[in-house]
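Next come two complexes built around subunit A: one with subunit B, the other with subunit C.
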Partner chain A sequence: MGTATVIISSGAIAAQFLSLRMLVTAMIIIVAGALMAKWEGGGQQNTLARLNSQIFIPCLIFAALNRTPLALPEALTMGAGALFFALCSYPLAHWWVARDPEGDQNGFISMLFGSTSTILLPLAYLLFGSQGLAKAAFFHLMNLFLIYTWGRWRAGHPTQLTAFLKTPTLHAVLLALLLKLFELELPGQLQDLLWLVEKGISMMASGALPILLISHGYALYCLRSSGAAWWSGAAFLRMLWLPLVATTLILILRAIGLAPLDKGYDLMHYLDLRTTEAILLLASALPCTISAFWRPGDSPLSKRDSSLLLSSALLSIIAFGLLVFIINRYIFNA
Partner chain B sequence: MILRLLLCAVLAAAMLCPPLASAKERVEIAMVLWRGETEAEKGFREKLAASPDYEVVITAFDAGQSKEKLDKILAGLDPKRFRLAYTFGTMVTQAALQQTRDIPIIFNIVQRPVEGKVATSMEHPGNRATGASNLVPMDSAFRTLGTLMNIRKLGFVYSSHDPAPRYQLTEIKQQQKRFGFKTFEFPINGKEGIASTMKQVIDARVDAVIFPSDSFVKANATRIISILNQHRIPSVVVIPEMVSENRALISLGPDYRTLGQLAADNALQVLKGRKPADLPVRVVPQLSIMINLATADRLGIHIPLQLLSVATVVR
Partner chain C sequence: MFSNQNFLIISAVIPSFAIAFAGFWLGRLDTKRELNQKSISNLVYYFLVPSLIFSSTHKRAFDPSEFSLLFVSAIAMILLMVPVALLLKRRAGVQRNGFILPLIFMNTGNISLPIALLMFGNEGLSKSIIFHLANIFVLYSAGVFLVSGQTDLKQFLKIPALYAMIAGVAAATLPIPEAVKPVLYFAGKLTDILGYGAIPLLIVNLGYSMSDIRLETLKTGIAGGMMRLIGGPLLGIGLVLFWRMIGWTPVDPTLDPLIWLGYRTSEAVIILNASMPGPVMAYLLNLKYDNCPEQAAAMVAVGTLGGIITIPLVLQLITTLIMKVG
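Coming up: the complex of A and B.
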């Protein structure tokens, strides 16, 4: 019987290759989404968006949260991170809206918030598994809350707190947390049934990844076909600014002792903290949100705002590549 | 002329005699093993060989996983010959404490020294034994597992003859609720019991199997883990060699060579006259992760970046 050759090496290089493979796969799916939109005239955008927000994202988050231990401070850190990003983006958003006094104020929403639902969640899951998704979910929820309240108010629309409370994602998070908090000793048969339901949800959740990325491609095509330009200087500026904001936040978290760099005996605790930082960095590369574009009843986006969205979506793909390299090199191996 | 001759004689004497400061004291250590030498013993030997104060002669006694042979070895240990005894694992250390009297013991790979009554506390062992522990908090092990997959049924496979796994089982059961799974115990009763126990594991349809730091399981790991891999059941271990040598999926545990060096540190202290009772049990500064990528591919498990980035990978 022959013996297999065993090669033992550092996982850091394997991680770089893996992340490259993931990003290339994600890009291929996004391009496929854009091509589908082109062939179908982009008419399925609303259906896809609804599938995402009503079914796939909640299932994905429920499955991840249900069996991932998550401490309250971590959830709060992610929520605070989303708020910090929005606050730091405010001067940029103000400048952007002030440049066009004749136009509407939807630019506030685009500039202040990242598009978490389209690309952060699937990427967090692909790159960092359930642990990453559970953290990204709290960032996403805070982001949604801010869009529905502060964002809409600032853009001159009525706030929609009830709409936020009706969000299936919020229900998925609450249900998962409740199940974790009040884990009951269920009878064996009921446990088996619950497990089957969970398995089904997990299977449905795995379908979320390509759908979310396809949806991203769809959105890109729709924006392009609405006459948006490929390049926007403001999008470029935002893409430079937010990673700096994220880096500052990470340094603050480390300085105040919330994310100490000491590896300690328990490596998993260290990795948990670093994953929080990685998600914050990843979130800084998010394109401008297109939530404003989706809300029925709102005025359609101006050509200038559409260009901002399209350009930021394209730039974000490059930024993701760079940031994942930085995460591997400087966050996990700090 | 006489003066010249005297000077030459002094110089010759100085060249022939080694300097007084570098004189090493010769000491003998008995190394009592359960399943042959591991990386831990290599680390132990390396560190002692580098000692400037002692010329250490180590005599290894391998029990070959036989309790009878172990008893014979321990009965034959001469405290006048051996300044101390190195013991591997909980079972050997417990037996050494019971069956020897005066000889100080330096233990290694004892995961729960306090629960195993080898030490009264980690800081002050309070006995004639001290050494290094391969303690792995079960909370960490489950967090690692949770990063990889969702589990509901967790198999715990261990040797029914080894006392150490029982201490870990208690801790595992304490974590069940928090991580939302149920533990199924699968004790193996000797080599002839492996096949029937593994059949039970497969029939129970567990989502993953966790192995304790168990010498019997390690000695039979290739057979046990290949059965699990065939049935696409992931295996989580605390002995890194089980990933590199026996194709387990992932290990979270201390580096054995470092543990050997830490045990040797304590051994040197004892040789210098300190009492084992006052020397804290050593643990490595941090745990390490080892992942077998070939096994992950076979099982269809995607390894998240955070684990991969800090792990040692085996292809």
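Coming up: the complex of A and C.
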């Protein structure tokens, strides 16, 4: 009995250590991105954002969905989670924008949405593998939809539903779902060719991880060089508030039976549900969205909003560390 | 439906070409050329490729004879192409030396590295990296001298890939103190993740560059491009046979199978790299020193497009002639 306890607890410690190592790895890559921006003098964040949104993120998401079984209720849970986070952030966003001396409404987008593309997707994959990434993909997709529609409208920009419908990420999700739904029985040669194309997409998907993180660091440097301050009290409030929201959401999901704690006969299903909770907690530590502001034609961010973004990105490093500890200790090792 | 051998070749080539096509498509959509290729190149050459090199070299033992074989082979391939290129230059009635740059140098980065990885695994990638370093070493010395009348070895010494290689080899050969091992392990994992980004971005960048090409400009590059694609592998095979003849890559069946396979992989890497089209970097040097840039661009483009057909054929040749046991 004593030996078993030691083995289990050493396994838990190893998991903590592995997760933290992954987190440190991600942070170093982000710093590399910031250094690259500094060396180049910044200004090319649009190039990276375009590469990510048009090639790397769709490939990453397609590859994850293609090799991971995902139940519809879980996809809906992740989507609903993104909506829940945005709704719960609304009072904070309203307060933030109301206090803006210049009446700039871009703060709505910053406060309401997290940086799902450049941070959540790579971290979900690094920490929880394809299963985590597939769940994060639905969170990201809903986040993207809300930014293009409600977020832009609330910030005083025209909504871009058509642009959302044209996003390669949406197409990648739909294509992966279609392939899964119909389970096409292709002739041998075609099946081989499809496998080869999937192999190419998988290569792109593994390439996406460092490039997403580098582009996050790049954007942070650009924010800093635009005069953003390191500290914003509102970012601190947001960073305290969202994990509480996530915890509430997890408790609600458990209470209404969508994420039961009962291990039952299927341990994989149990782990799957815990991964859903882990992704929701991880998403609560996300910094304010950054890539949403690199769209051509949008007005530049105010110094106040830039400071919010930069500060939230720095605070998120601490939050990720704590939440990863909590996830391993209280969710997977409960 | 495919034989195992053909499937291996197709599986090495199709994913790379599919990614290149994605880059090409991205370029076609980007009509205003908003994507900054210099930024992508910076990311690739200063961060991702050095990581890939470190990650693939620090895991395997360093073999000086293997290193010299590949390094000398790369230089020999360049030298062997010089008379062919000079002949073509004379026939084309071109006076300036920049013309021969895309003929004698090979695209050992964008195309060769991913194919070497997919076809011959980590061993093939490591060997291809050595060949690549030798190729760019000569490009930045003799190549720059050909187009400008001056050498640019300082540029070579600024290549981070060189230092990544040195660091990787040092990590693989030098005795590492116990206290440093966890740091090295962490560095290995970090560079693994960063290295994943190198190959797709190298190919996307190549595809994006190709999207800029206008068909009417290709005519001037047909002879040069085809010469590179046909002459290169033939000379590569000749070189490999010569190495066998003088005993540098023995084919003795009594050899240890792993050693035998190591020699064959080296030979395969030499032929694969010899069959590559002219490098984009050669064209950039031509452009920088205004020395036949139009012809160079056309030769690189024709070579790269023609490579879609010739590279699988060369791989077929490699698996039939070189990698075949017995």
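Following the convention adopted for this analysis, the second predicted complex is superposed on the first by the 321 of 334 C-alpha atoms of A that agree within 3 Å, B and C clash if a C-alpha of one lies under 4 Å from a C-alpha of the other, contacts with A are read in each partner's own complex, and residues count from 1 in each chain.
FYI, a residue touches a chain if its C-beta (ideal position, glycine included) is under 8 Å from a C-beta of that chain, and two chains touch if they have at least 3 such contacts.
What you see is a predicted model; the values in this text were computed from it and never measured.
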item: Clash or fit, subunit B versus subunit C on superposed subunit A; value: fit
item: First (subunit B), second (subunit C), both or neither touched by A:72; value: neither
item: First, second, both or neither for A:200, with subunit B first and subunit C second; value: second
item: First, second, both or neither for A:54, with subunit B first and subunit C second; value: second
item: Which superposed partner A:214 touches (first subunit B, second subunit C, both, neither); value: second
item: Vertex subunit A angle, Cα centres of subunit C and subunit B, expressed to the nearest 10 degrees; value: 90
item: Subunit B versus subunit C as contact partner of A:333, first or second or both or neither; value: first
item: Partner chain in contact with A:36 - subunit B first, subunit C second, else both or neither; value: second
item: Subunit B versus subunit C as contact partner of A:98, first or second or both or neither; value: neither
item: Subunit B versus subunit C as contact partner of A:19, first or second or both or neither; value: first
item: Shortest CA-CA distance between subunit B and subunit C [superposed frame, angstrom]; value: 9
item: Those residues of subunit A which subunit B touches in one complex and subunit C touches in the other; value: none
item: Subunit B residues within the subunit A interface of the complex; value: 137, 139-140, 143-144, 146-148, 150-152, 177-180, 182, 244-245, 252, 283-289, 291, 293, 302-315
item: For the subunit C and subunit A complex, residues of the former touching the latter; value: 1-2, 7, 10-11, 14-16, 18-19, 22-23, 26, 29-30, 34-36, 39-40, 42-43, 46-48, 51, 114, 186, 189-190, 193-194, 196-201, 204
item: In the complex with subunit C, residue positions of subunit A that touch it; value: 21, 24-25, 28-29, 32, 36, 39-40, 44, 46-48, 50-51, 54-56, 126, 188-189, 192-193, 196-197, 199-201, 203-204, 206-211, 214, 296
item: Residues of subunit A touching subunit B in the complex; value: 6-12, 14-15, 18-19, 63, 66-69, 127-132, 180, 183, 191, 195, 198, 202, 263-272, 274-275, 278, 324, 327-328, 332-333
